[in-house]
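Two complexes follow with chain A in common, the first pairing it with chain B and the second with chain C.
The block that comes next holds the complex of A and B.
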């Protein structure tokens, strides 16, 4: 069982015990309980490696492999290709990114119309950003309009995107968020996830969801007890229980 | 930065560069073609029209030959060749991806054998590209079936499945999914030990290997209970367990494919997977998968249908799992893709096909309005599905008028006449309004035959109505169109049109019947009774049965044009090809025999024509039939013919006795069918009234 599950289960057990009144658990008591939880070092290492690989930190993963002896569950060379695609989208070189994905595996965009549309949409956004109005219009007509005919929700998104052309100050218009850098990141992470899935790898790292579970469990427990909570997730410091 | 415009990449210009003698130019052009068509159906089509596929296939063929010529002598040249092979295979694969026109073009260009050659290339990227392209092609039914029965083919398949390369082993599984259909093919694959290999791909393989092995497992088991029992029995216990485990998989597609595989196994061997836990798990997972926005969500409803179709227990479980609410919820969202729309409508149709509780849930949620909207959808598949759904729901007896249906039963007993009673759809009056009828009637003229057939099927249930609303149907031209369709070239359309007319005249007043009859004419009706297609014959006879419901005026229909229809019925009964035709024909005569003396004699004439009285009467065969309905219909007719209140009854009884029919009936006093038993006693009672014993 993954270590965080054990912690969460403990939290739930404690919660059950204290269903009636709000109990106070001292730091001492808490730490004693935490010490009872045995977590294997290798499991922690696997979690870290999973995070590095999924997020694409090739060099760190390589170093971590040498230091900890943890084998990644994917060929590290494929990470480099994936990162190149991600980076291209992040820099706005969408056409380049598309070509790279197609070299990696032509099935990804052929069988994933939504992702393909979002990449093309991002291409359109970049054209508009660069002030290439005519090219943008031609591109929307030739490449995107047929996709809109195939799918109603694509059509709506296309209309929203083309609306950018109607405003002088695109960053302050109602659809301005499309021009935002966060839109690029959104598209980039969508491509990243699709490539991971095509390599039979999970598209999200496990670590963030474990942290989310930790926060959820703490919130549940808050209603029942006062205990040494972790507020600072990056350092995992236990706060003194407030009564 | 690469140019973002498409101006200088016009397809025609690209094609000329494909023909370049310069390998570099050629390679770049190939890659560009590939990048333009991936994900873009419109581009695929326009490139196909320009003849790009043969051009690319030609490059592939030349370069595949070059591999042999150079034979690794020159590293650089080889590198170039490999790149060209990879790019051309990828382009061909993309042309074929989810696109039958593309598959056809690739096959026509003769690329298939050259793609196969790539699998034995020493470069893994070339092998990958070849295997991917072939897998795309094998998704289409246009590809000729793989012949598993040839030893060398089986060996090749096994080598594919055993490959370390996941695209190659995936190709092996795709070939099985594509071509394994007959029980012989299934057995050959089973005997070759393919299951073990698929199972190891299932347990230890990558995601895509898992997908393809689940699909192939399903195709090996489909409708082959012998193999399923071998598989689930002693020989290999684990596999079923490992498929069940995959129901919990984190990937929606794996869950869907695991469900589909288990459904195939269950439908093949109903005694397996009876555990209520597994059943409700399947239902819950599939309903949950409907929420998936992609292809998985589209296919989930079809899998759901195959799970619950014809199975009341599962429909009940699904109702408890709020299946109808969930399907309704998806319909409400609107702007659905055709495939998804169709699947949801068909799932609703299957949900409402048997259980009244499901239909009342459907009606209470007012799903009907949404289904009616679908009748005018652009997609023919959606229109068909909407009709099928309406047909299923209108089987409801929920809102039927109890007083009326009781009256019908009494009527049948009193007058000794028989209706082909559409018992299942007495509630149709509820649906008989313009909102449903008008769009349905419009679909009679639909360009798609399957829509026409489905619309006729739905209208058959809708037009059954006791009193008032039939005129709506006549007013909107529905009746005339039904008669028109009864002359269609398609036998399914003819038979369904007659079916609808049969239900339309069910208990209709005489004026409506006259309307139908004058539209149909005796000559058309008699030629339909003699239609080459048995299902059309049956429906035509059933229509006659309902048209002639014992009232003198309607019996007269039979004698129009010198008794053309009656003669046709007699001829069909002489050589009825199946029991259903005998049943409908006998009931038709039975109703005519409830008329006056002249009518009864006319029936006798058909039962004992002068020409063939040397042969044994077909009545004897009917009375000895295994089909209790046929026995019932025949005895009913005899009841009507020998009713003592009519003057000629004794003469007819004598004729029947001489033909050996009365003694046959005496043997039937303890017939296992209650209906037959009672009617036999009526006949014997009547014959005793004439002093017969």
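The block that comes next holds the complex of A and C.
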């Protein structure tokens, strides 16, 4: 084979490699790009305020308003009420929570049958937890059963909850998870979200979504280029590209 | 750090005992320079950040580059009519928009209204590139796509079409769009999606919105968005965003990561009161939040001088610049070592001047300016701000003037942030100077922005960029 064929073959191979190999962005180049990004301080403050407000850190939000001059995107007084409801559910005072929600805005429960059912279900769970068997049965039949008739999934949930009564040791039964603290937290965050929605506020803070977006964007860019990544979000350390 | 200019410092006062401390001092100067730029961001003369995303969208039909002779474009440049009898496949009346479809966005879309389907209804809507042969139907040639009215077929790159959607005729409104996120074309009829089709990677852009008529009296009106679309583009866009959002929301995060980042942000900027409230509240949440050391949060460096940083921030935010300067002089004398070149000192003096103007003490302001600001004039990077400060004196109502930004609250914040960063830089444990400038949160947001930009440029500049500002201000209309 004449030597120039070999050369051409090699050239073709190099070209193929170039076409498939990813672009490599060095640390220096990448840092330059990072420095060119403009992030406004007030926007970061807003992001932090949004977190404090949505997560219900009312005193911290108030302090942050004073220290940074950032205006909250919601009336801070409403946070206190919302957190009181959330806390009541977290502590198992569901009746109290329902009353507080209705004081806040009666439409919230009227327009959210599922939320109302979950609160009633939580109330039933608390009655069972406290060993009030008769009261629990009465409550299930009078308050929950009629709702179950309206909705198949409610009925299934009701049956699952009432099943708790059939076991001596509820923590070790097939539906024992209902007794877990996580069930309270789930219900509490559902009420929290509903109240926020009723106040025309997003139910989740923006910061976690942005962090997820960062992970997503880095994964997407991985397909196109090798570049310095941030793998540990907690200290934002830039790691050298692996080639 | 090599790119940062080193300011020489005549250490005649002999404070510089060893090489290390003097190099730190000069780097401190450079950190201040970073804030000089920030200090003028509010100025109308400063470059704005979003300009780059503004592309010109098509507004009318291109009357020069059309297959003249077969069709007539009306004087409004928005309607076309086929005026002769078509004889073969090379006398199509084609016309492109005056501009290609903009690419730096999520979607592009335009519509046509079929006024008259003419003799045969051989109307087409589609996208073609610059070198398209203007006597052929869009879709018949390479680098073109078209949805045809007479058979409802989609043509992509050659004369043989494929079944796609319904036919369309007189009275119908038909739309063509590009979805840059999913890399698809989509077509609509009377406000409803007909179908989508993958954009071929090899297609050579930029792509022009294109319409074609091909039999006697066929008449079509084009709508580039001047009139309301029959198709609910806003809703479609919201749906597309939601789809993307759903994918992203599925990603899981380390526990309490947002909490930890907010905490380190408060520490970084010295928002001590907020931090204390935040810590107190998170102890009483159910379940309580623990930020364990093994979680990776390395806070030692940002706890540094927390109370002093808080105090100085408060003073500056209250406009008590003299008090801030004297405290700073007392606590960190070495920040004043080469005062005449220090951006931090300069920013403090500017702010003092601004505060004097704010309360109307103009004579005192003039005196102060001559004494403290004039000497910075002529220093690279300082001039513009000296000039803007001076200009404050020229206006009866400086708030409403072009230099009114200086009187805004955010200006005090820049000075407070500068002082904060300078104090952080005096921490002997500070390994990374970037750490004085940017909180972890900011570093992550920068990384996010850079990744999105880089990905877009790898995609031929197609799609949206990420702007924190936009994300934060769009939330008000999205309720889920």
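Points to keep in mind about this one:
Keep in mind that, in the parts below, the second predicted complex is superposed on the first by the 221 of 243 C-alpha atoms of A that agree within 3 Å, B and C clash if a C-alpha of one lies under 4 Å from a C-alpha of the other, contacts with A are read in each partner's own complex, and residues count from 1 in each chain.
In this section, a residue touches a chain if its C-beta (ideal position, glycine included) is under 8 Å from a C-beta of that chain, and two chains touch if they have at least 3 such contacts.
Source: prediction; values computed, not measured.
By the touch criterion stated above, A:137 is placed in contact with neither chain B nor chain C.
Legend: residue contacts after superposition of the two complexes on their common chain; A:66 is shown touching chain C, with no touch to chain B. In the superposition on chain A, contact is made by A:111 with chain B only, not with chain C.
In the superposition on chain A, A:93 makes contact with chain B only, while chain C stays out of contact range.
In the superposition on chain A, A:200 contacts both chain B and chain C.
When chain A is checked against chain B and against chain C, the one touching more of its residues turns out to be C.
In the superposition on chain A, A:102 makes contact with chain B only, while chain C stays out of contact range.
Contacts of chain A with chain B, set against its contacts with chain C after fitting on chain A, overlap at residues 197, 200, 202. Contacts from chain C toward chain A in the complex involve residues 38, 41, 49, 245, 247-249, 251, 253-254, 257-258, 260-262, 265-266, 269, 271-278, 280-282, 286-287, 295-298, 310, 313-314, 317, 409-410, 413-414, 417, 439-455, 458-459, 466, 468-469, 471-472, 475, 478-480.
The residues of chain A lying in touch with chain B in their complex are 93, 95-96, 98-99, 102, 105-107, 109-114, 116, 123, 126-127, 132, 135, 138-139, 142-143, 146-147, 150-153, 197-198, 200, 202.
Interface of chain B with chain A (complex): residues 1-2, 4-7, 31, 34-35, 38-42, 90, 93-94, 97-98, 132, 136, 166, 206-208, 250, 293-294, 335, 337. Chain A meets chain C in the complex at residues 23, 25, 30, 33-34, 37-44, 46-48, 50-52, 57, 59-60, 62-64, 66-69, 87, 90-91, 181, 184-185, 197, 200, 202-203, 205-218, 220-221, 224-225, 227, 230, 232-236, 238.
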